[in-house]
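Below you'll find the structure, written out as structure tokens, and then a few comments.
The chains carry the letters A, B and C, assigned in the order they are written, with residues numbered from 1 in each.
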Amino acid sequence: MVALAPRIPAPSVVARHLFLRRSRWRWEEIAFWLIAAASFFLFPGHHVLITQALISGLFVVSLDLLLGYSGIASMGHAAFFGIGAYTAGILAQQGWGDPLLGLIGGAIVAGAFGALCSLLVARLHGAALLTVTLGIGLLCYELANKWSSLTGGDDGLQGMIVQPVLGLFAFDIDGNVGFIYAFVVIFIFYLLARRLVNSPFGLALTGIRENIRRVPALGISVRFQLMMAFTISAAVAGVAGALLAETTQYVALEVLSFDRSISVLIMLVLGGIGNLVGGMVGAMVFIVARDQLAAVNPVYWNFWLGLILCVVVMSGAGGIVGFLRRLGDRIGNGR
Amino acid sequence: MNINSASPETVLETRGLHKSFGALRVTQDVSFRLPQGARYALIGPNGAGKSTLINLLTGVLAPSSGTVLLNGSDVTRLRPEERVRRGLARTFQINTLFPELSPLEAATLAICQRRGLCINPFRALSGCDDAIDEAQALLADFDFGDDAGRPTHELPYGRQRLLEIVLALAAKPKVLLLDEPAAGVPQQESAEIFTAIEALPSDVAVLFIEHDMDVVFRFAQRITVLVAGRILCEGTPDEIANHPEVREVYLGDGENV
Amino acid sequence: MIGPLVNILINGLAYGVLLFLMAGGLSVTMGLMGFANLAHGSLAMLGGYIVVGLMRDYHWPFLLTLPAAAIGAAIAGWIVERTIFKRFYGGKELDQVLLTIGIVSMTVAIATYVWGSTPQPVRVPEFLDGRVHVGIVDVGTYRLFLILLGGLLTLGLVLGIERTTFGAKIRAAVDNRRMTVSCGINVDRLFTLAFAIGSALAGLGGGLAVYLVGLDPSFPVKYLVYLLIVVVVGGLGSIQGTLLAAIALGICDVAGKYYVPEAGAFVLYAVTVLLLLWRPQGIFGR
């Protein structure tokens, strides 16, 4: 028996290494987070803007989990972002202003709504899926618009009182505390998202994206995986929305808008789909560019945005991160 | 294990399976048994209802009436993935693989599922060493070598056909349905696939679904002939080859192939 | 009691005709090539601006600008289809969605640049401007004109699809594209033609819409949702389904604004979502 005991053959080491390499931190990821952290010191006058870009980044990451890994397109993802924002906002308005409580509340309510939606959309695909997700987004917008006793309607939600983070650090007008708070929360969720895509669960999602017909033949329930993915994605979007509400101490109806659902798609494609960091990069570039260009002339912004979107899609280059990776590979090979 | 023991247990059985699409009856009163470790074949000309029968067995379609039994329990109402978990695996006639994933990733996914690891979103893959090792060993059995780490879409077609079998085996099935495993593979390259099929674990019951009769004569202990949705006859390869009706409806067709 | 109801029906019908003209081409695009063209509303907007522009700057009569709107949109559609869209047939749906959203964004910007962001007025000839007494209610002449014109066009379209060889080929291609190709029919060319005709209808619809619903650069965004709902609820590739869905949507929208203005578009979206959960392939889809 001893002679037959399994010994670890060399290929197994190679195989394990392949999976380690899959989950290793890539240079674009490290670069992005270093730059994001350094921007606290480099651009002290722009903390509010960068915080917004990071929050949008987390929102994009939540969509990437669904679209980039499972291949499920949502045209109404702002619904979950907005629900998270309103949950945190209303909690703070009603005297439950602890920021962490707001985050948890936003995640739970948005996640629960996501779970409900996932029951509905799990069997849809194609044009019907696009229209139903779009419809859900529009429904939430209309509901918040009409239910003004709760949401403040068109005027937005007023009177939020957000307490200091951990009872120690009060939000300041320059956005210093807001920046650090958002940065830490978003980084933690980024780590969790990384963990998820590098788990067997994430691999199953990739399988669904790659070939939805094969997945059941492996014994995996497509319905269960997609419902989980939808719920998690919605909860993360809810956290992003709650962060926006807390750092700005205000919730505008715009958090639920169709425009936001589309922008998040654009940011994802711009940065690069299916690699998490692309979403963060895309959001940063989008928000900063919009701030600069839309200030000059909003008409030009729309035009360049459309053109860039067409170019990114037509080039098939995988967005900014895809381009950087190829550039990096070329430099690496040239050595 | 004593090979000569009395008739082994039936692992897959159908009783009076019917399926109609509107007025069109595509499966009529199909009843057959597949014993443990069997090497059976299901043959029939194009349009005989082979694909429909596979879909009924695997749960892609629900029968109009009749039952499917797996290990003696009724699975007629179970979803495809639930049948896989109970030991019924299949391959696809047309490659149904994950183009961007490597064979290693795909096999690891199947093994992680079998081990119940796919439902936890926060378990690191790099920590599932046992599953990875098992996938690697399984691929090594099929001589995948370096191909195990390459994206599936880059592999030669014959390799992709083999991967179909690997992914089915990763579920550790008791019953394996092979849907034309060598479909589209040139004759000179098909040897590799048949070697692999001959080497399948002896306790797994295998049901080949084939269009080409010559192929199954090499492997099958018993052959079931399906014509126009009905079982025409069933028997050993010799009996089938000499069956007058089979010669008429099937071999006549086969000569043209 | 009856008066408002009849008025709502007639107004809704007229609105539905507009939606049908604008969405008909999209239904064929999505049904035939599986191409999700969210920029279809931009073609309608182009038709609208052609009408406004020709009337204001060149003093063309209104009725003469309508064919010009159709032809202009057809040419624009044909160019875009040949140069850009054809590369994306059979590709990923997400790419199509993003590409066409990009085009919407650019057309909105171009329209704002050229015509400004203010709504463009249009003056229709006097004989279309008034109201006529029909039975028990007064109805806007223009709405009757729309229903009449829409009815004629729909009849022509249905006959064209049902009776001509071209229509038969289109139906065959929607039904089973691969089979149609193997019958020796050039589906690519067929589709280019169908796309141009669909664009012409959208341009005409856009031109006709100006007087009723106004025209500003946000037009393609505003109608994107409505067009998508009409097409998907009607069933991709089904002309009758699209017509029915368009009329139903038109009547619901007008009735909703009249009876429950506080609910806004809420009811409309809710009904759409429920309908699609019940029948994901649309009412007349397969």
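By our rule, a contact is a pair of C-beta atoms (placed from the backbone, for glycine too) under 8 Å apart; a residue touches a chain by one contact, two chains touch by 3 or more.
From a predicted model like this one, the values you see are computed outputs, not experimental measurements.
Student: Which chain has its Cα centroid closest to the overall Cα centroid?
Tutor: A
Student: Just grab the chain with the largest centre-to-centre distance to chain B, centres being mean Cα coordinates.
Tutor: Here the answer is chain C, farthest from chain B.
Student: Mind checking the centre-to-centre distance between chain B and chain C? Centres are C-alpha means, answer in whole Å.
Tutor: Going by mean C-alpha positions, chain B sits 49 Å from chain C.
Student: What is the distance in Å between the mean C-alpha positions of chain A and chain C?
Tutor: Once rounded, the distance between the two centres reads 34 Å.
Student: Per the centroid of Cα atoms for each chain, what is the distance between chain A and chain B, given in Å?
Tutor: One centre to the other, that is 41 Å.
Student: Hey, what residues on chain C touch two or more of the other chains?
Tutor: Counting only residues that touch two or more other chains, chain C contributes none.
Student: Please name which positions on chain C make contact with chain A in the complex.
Tutor: Residues 30, 34, 36, 84, 87, 93-95, 97-99, 101-110, 112-113, 221, 225, 228-229, 231-233, 236, 262-266, 269-270, 272-273, 276-277, 280-282 of chain C touch chain A in their complex.
Student: Provide the residue numbers of chain A that touch chain B in the complex, in ascending order.
Tutor: Residues of chain A touching chain B: 8-9, 11-12, 14-16, 18-20, 22-23, 192, 195-196, 198-204, 206-207, 210-211, 213-222, 224-225, 228, 232.
Student: Which part of chain A faces chain C closely enough to touch in the complex?
Tutor: Residue positions touching the partner: 67, 73, 75, 120, 123-128, 130-132, 134-136, 138-139, 142-143, 145-146, 258, 262, 265-266, 269, 299-303, 305-310, 312-314.
Student: For chain B, which residues are in contact with chain A within the complex?
Tutor: For this pair, the touching residues of chain B are 58, 79-81, 84-85, 89-90, 92, 96-102, 104-106, 108-110, 112-114, 117-126, 128-129, 131-133, 135-137, 140, 148-149, 167-168, 170-171.
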